[in-house]
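By letter and in written order, the chains are A, B, C and D; residue numbering begins at 1 in each of them.
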Amino acid sequence: MAHELGIAVVGVGYWGPNLIRNFSLAEGWDLRWVCDLDGDRAARAVGKRSTVEVTSSIDDVLDDLDVDAVAIATPAHTHAELAIRALDAGKHVLIEKPLAASVAEGEKMVSVAEDRGLVLMCDHTYCFTPAVREIRRAVQSGEVGDLQYFDSVRVNLGLVQSDVDVFWDLAPHDLSILDFILPPGVLPTGVAAYGADPLGVGQACLGYLSLPLCNGGMAHAHVNWLSPTKIRTTIIGGSERMIVWDDLHPTQRLSVYDKGISLTADLDPKRQRDTLVSYRIGDMVAPALPEQEALRGVVGEFRASIVEHRRPATDGQAGLRILRILEAATRSFRGQGVLEQLEEAM
Amino acid sequence: MAHELGIAVVGVGYWGPNLIRNFSLAEGWDLRWVCDLDGDRAARAVGKRSTVEVTSSIDDVLDDLDVDAVAIATPAHTHAELAIRALDAGKHVLIEKPLAASVAEGEKMVSVAEDRGLVLMCDHTYCFTPAVREIRRAVQSGEVGDLQYFDSVRVNLGLVQSDVDVFWDLAPHDLSILDFILPPGVLPTGVAAYGADPLGVGQACLGYLSLPLCNGGMAHAHVNWLSPTKIRTTIIGGSERMIVWDDLHPTQRLSVYDKGISLTADLDPKRQRDTLVSYRIGDMVAPALPEQEALRGVVGEFRASIVEHRRPATDGQAGLRILRILEAATRSFRGQGVLEQLEEAM
Amino acid sequence: MAHELGIAVVGVGYWGPNLIRNFSLAEGWDLRWVCDLDGDRAARAVGKRSTVEVTSSIDDVLDDLDVDAVAIATPAHTHAELAIRALDAGKHVLIEKPLAASVAEGEKMVSVAEDRGLVLMCDHTYCFTPAVREIRRAVQSGEVGDLQYFDSVRVNLGLVQSDVDVFWDLAPHDLSILDFILPPGVLPTGVAAYGADPLGVGQACLGYLSLPLCNGGMAHAHVNWLSPTKIRTTIIGGSERMIVWDDLHPTQRLSVYDKGISLTADLDPKRQRDTLVSYRIGDMVAPALPEQEALRGVVGEFRASIVEHRRPATDGQAGLRILRILEAATRSFRGQGVLEQLEEAM
Amino acid sequence: MAHELGIAVVGVGYWGPNLIRNFSLAEGWDLRWVCDLDGDRAARAVGKRSTVEVTSSIDDVLDDLDVDAVAIATPAHTHAELAIRALDAGKHVLIEKPLAASVAEGEKMVSVAEDRGLVLMCDHTYCFTPAVREIRRAVQSGEVGDLQYFDSVRVNLGLVQSDVDVFWDLAPHDLSILDFILPPGVLPTGVAAYGADPLGVGQACLGYLSLPLCNGGMAHAHVNWLSPTKIRTTIIGGSERMIVWDDLHPTQRLSVYDKGISLTADLDPKRQRDTLVSYRIGDMVAPALPEQEALRGVVGEFRASIVEHRRPATDGQAGLRILRILEAATRSFRGQGVLEQLEEAM
């Protein structure tokens, strides 16, 4: 059996319990600590009859020499300080999205990790779902053809928050998925953000991001805290195949259409609708996907990157690319939707 | 039985046969002519054993004194000339969306109709569906509360056209529905358009419209000719109720949620996610809607407005408001998505 | 252009208008008469400006030498008399399901048609849908493997009728589809019927048919007039492939699963669930199906069988096989669900 | 805080881990033991860093005086022996469905529990879902009106088992739900079972149960191990309301229709379809249901019934009623579907 790495989970909010459960059950990990400012909450999270230690002090965690790595699931504005302290203490770091509250903070985190030769991994959980992995494979293998558009809808009745707007809360999911599946050389060249604050809480509660791609295509995300119905649907249009990913479908998450489009000249002068394009309608395939919890893949990749001394699939640089888009989106949103250029952003 | 009005259908493309069928069956209408540049197509459309006359010349139609009104379903760039000729011949006019190919043309059409005291009605068909009528009722009665957002998705694998882009082809549906249901005094203040032409056909094949509303909310439409899956879903968010309209659902088209949102102060300093809002989750009601073809309502309203000497529910002014948004959207799309102001547009 | 056959539609109830529309538009047919006991209804059905003749007397139709064929859409108890009169007058006959109100009547109809060399075709409309044709192809080509089961659900809020029960009203659809797709040599050996009459109207308003197949599989149908939700779903299980046909799905009507099942010995004595079977989970394919109205196929086949002097795909014998099952089902239902044997039934 | 009861989970197969997780987190329970013939499996189930004891010997569990109750999730044929041993050792018992492998065994278990004054509860988990509790409330309060039918479909690609057929594996769910929601005095009077074994494994892999109800209605269940698609839908038809429960719908599990049915005399002699019934079509309401894991309710009820010295909601008698139907179903299945009478069964 593989040598176990000691891990601590810091922050027991919405996501922390999932980290606790996965690190508890995963091969190669030994969950030693759960840390939260609210010690009672930490205790409840590990449950009765557990020998995992709980604390409200990060120092307890960082002082433990048997702790090899720390998983941080606290609010975004605390990420940089906690992560840098952990890295300084020689711990590898897995961090919730977004990487940090600003590009500047994120760059410092990446820099510290690189200097110390430690792993800094972003928990871009969706990138470890079987569906997104299959989309990435299909796009990057060329099966999909030229990427024409990426359209993502992520809406539900969510918590309206005071510290982050809906772009910073929800769009990191869509942007990290986009970042993960884009083929090499296809990058967003800018971002424009429209949104609204109809509750008057001081920040956008629903919004739309438009990202032109350098190949002539575009990406778009609709994020919304005020939707009565939950939608998690992404459409990827390509010149050869088109993919619909419905993350809420109980059985058929991924549908791959081989409907093609051919440019044709329409020579009939009497036709009232001058069609330039004809379609070959083909079959749809819903590929069989393994049933596997994405977070299990995250903790596996985190361990593998530590043991193999390599970058994880969703490293700090990936987190930084998302931050750069989010900061540009904030500027665009404040500037009435003007397109903000991204330089070498992704 | 009511006095019958003579009607002619001009243009037998995608929509014309639906007009022919509805005018044939409707009370109070006598379908006298079907006119198309392609006379054979006109003949096929009326079928064998019909006494409806067919012609490839609009003059035949306009010379017939028993023709009281003309329904025009030709390409948009021909609307203005045909409609003005018909109005000049003293015929009332029902016209397909969009009203015309430009605001200038549309204004002339409206002006001629007003000068001659004739009805100029836009066939904004969706406004006559039971679903949209119920949405309008719920919004304008105040049941929905403050309108927070209007989000419309209209995507499918459509015909890529040479004469109009996807905004002019599909968005008139969304914009006419928005125009119809907005409560008095709530107007879009501008429009921004993002889109892409990944096929390189010279115009947008997919696009997104963002329309800030003067009350702090916003409207948004996603229109797309290149989607493998067909989606026709509109979400209307209000401070009291939220409505989801899924036009493709075989039975449950409208879902009205009374999930409310209350602003609350979160006094717990230890909470990691400072929530400003709590939700009252309530029941959802799918109101029973009559089964009725929308176009039947259109031909009924067209007749009623002629007989009662009044404006139709979707008159030329409504068509003009849509045109003003479409022209501004075109400017925005060409200007990299800069928000174009709308002055008293809607 | 092909020589046109004269056709008359007899009976303008729920289905008649569909026959009228299809015969009007179809190549090779000339709709000459519409006949209904209620002459006004017949007139409304052809519409204004039609030269199709209307009558309330079947004699007018049968006396017209230019009428080659008659389509009968009257109540089932009138089928035999009308069909035999039409056949005696030398007309080919298309008849609504069920063929007749009893096996005895149906046998007489078949016999008369055969004696006179005329076509007697059952309008088993579903057999002409692209979905059912594809199912038949997949089953009869062997792709599906051994047919293990056929499960059909046909429920909605329907009209509760006085002259027929729910088995005779709805199950002819399911039974005609089953009859059409079964591979040669696979026959139902009996039928058992359970049902209920919770309204106390004197006959079953909901019911279940179980039909053991001679190959060890079984067929089952759930028919129900009292369901608040409409379901039209058929599952066909085979040893190699399984098919789900959802006739109400707006886009994906047919789903073909290549999930296979392999018998395996489970040698682990400690396992608590002794599994005999393991599954190979494969992809699902939704084949592209043409968009075509089924009734168009019916009128085409009716004409082709007349012109080519051959049996139609859904001939009187097919209708008789359905009647034999329906009569046996009635006996079973009255006999507390005892299985009624079918001899050479299908 | 409430006095904690000591609990042991016996049997770590498919369901055991869910019991372990729920007893671990529940208030008022102290999970002391996990027992499985395979000690390694037991150890894996509690995870590292747990102080819960594991054993492969039931004696260890029963000898522990701090164990107040035992939850048994072993194969059905071991239920009676294990439960009676536990009861004899003075432990309360929670047992997986079905209660036992035969009515005779079940009666003995119930008798022993009653003699010793101990709780014997069946883990009819579905009865503790918010959806089933709401259905029960709606039926038993009279809102639904007279119960006309109960139709349940429970199909998926499941494990084909050697020790139980599909009726004994899946139908206990449907039958326990039916038993739970039936209003007082409405009982099934018999059961007929049809099924098939198309794999030739020696027992039914798919089957249908028909249960006439004493009030003229009927219940029906379709259970199937060989379905490519997963369906978990129950329709409850009543004279006033109808309910559709779709357990797989991501958001709208329960739909309550107030479509009513009125008997009417149809006096029009010309109508071809003599309708006896007309419908009032009303709105549909999807009641807001709490999000709560059903098993949490089970462990809460188990504790409450012990502490309050009362019968649990799903007691041994309920389990016995299900067994009586299952045994009768087996007789019917072997007897070609003949209806087996149930005497005072439910």
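Just a few scattered comments:
In the analysis below, a residue touches a chain if its C-beta (ideal position, glycine included) is under 8 Å from a C-beta of that chain, and two chains touch if they have at least 3 such contacts.
Because the structure is a prediction, the values reported are computed rather than measured.
Interface comparison, A-D versus A-C: the higher count of C-beta contacts falls to A-D.
Rounded to a multiple of 5, the Cα-based rotation taking chain B onto chain C is 180 degrees. Centroids built from CA atoms put chain D at 40 Å from chain A. Each chain gets one centre point, the mean of its Cα atoms, and the points for chain C and chain D are 37 Å apart. Per-chain CA centroids place chain A at a distance of 51 Å from chain C.
Of all residues in chain D, those that touch two or more other chains are 229, 255, 281, 284. On the side of chain B, the complex with chain C involves touching residues 24-25, 30-31, 47-52, 229-230, 248-251. Of all the residues in chain C, the ones that touch chain A in their complex are 252, 255, 281-288. By the touch criterion stated above, chain D contacts chain C in their complex at residues 11, 13-14, 37-38, 74-75, 146, 148-149, 151, 153, 155, 157, 159-163, 192, 194-201, 206, 208, 210, 212-213, 215-218, 220, 222, 224, 226-229, 235, 237, 239, 242-244, 255, 257, 259, 261, 263, 266, 270, 272-277, 279, 281, 284, 336-339.
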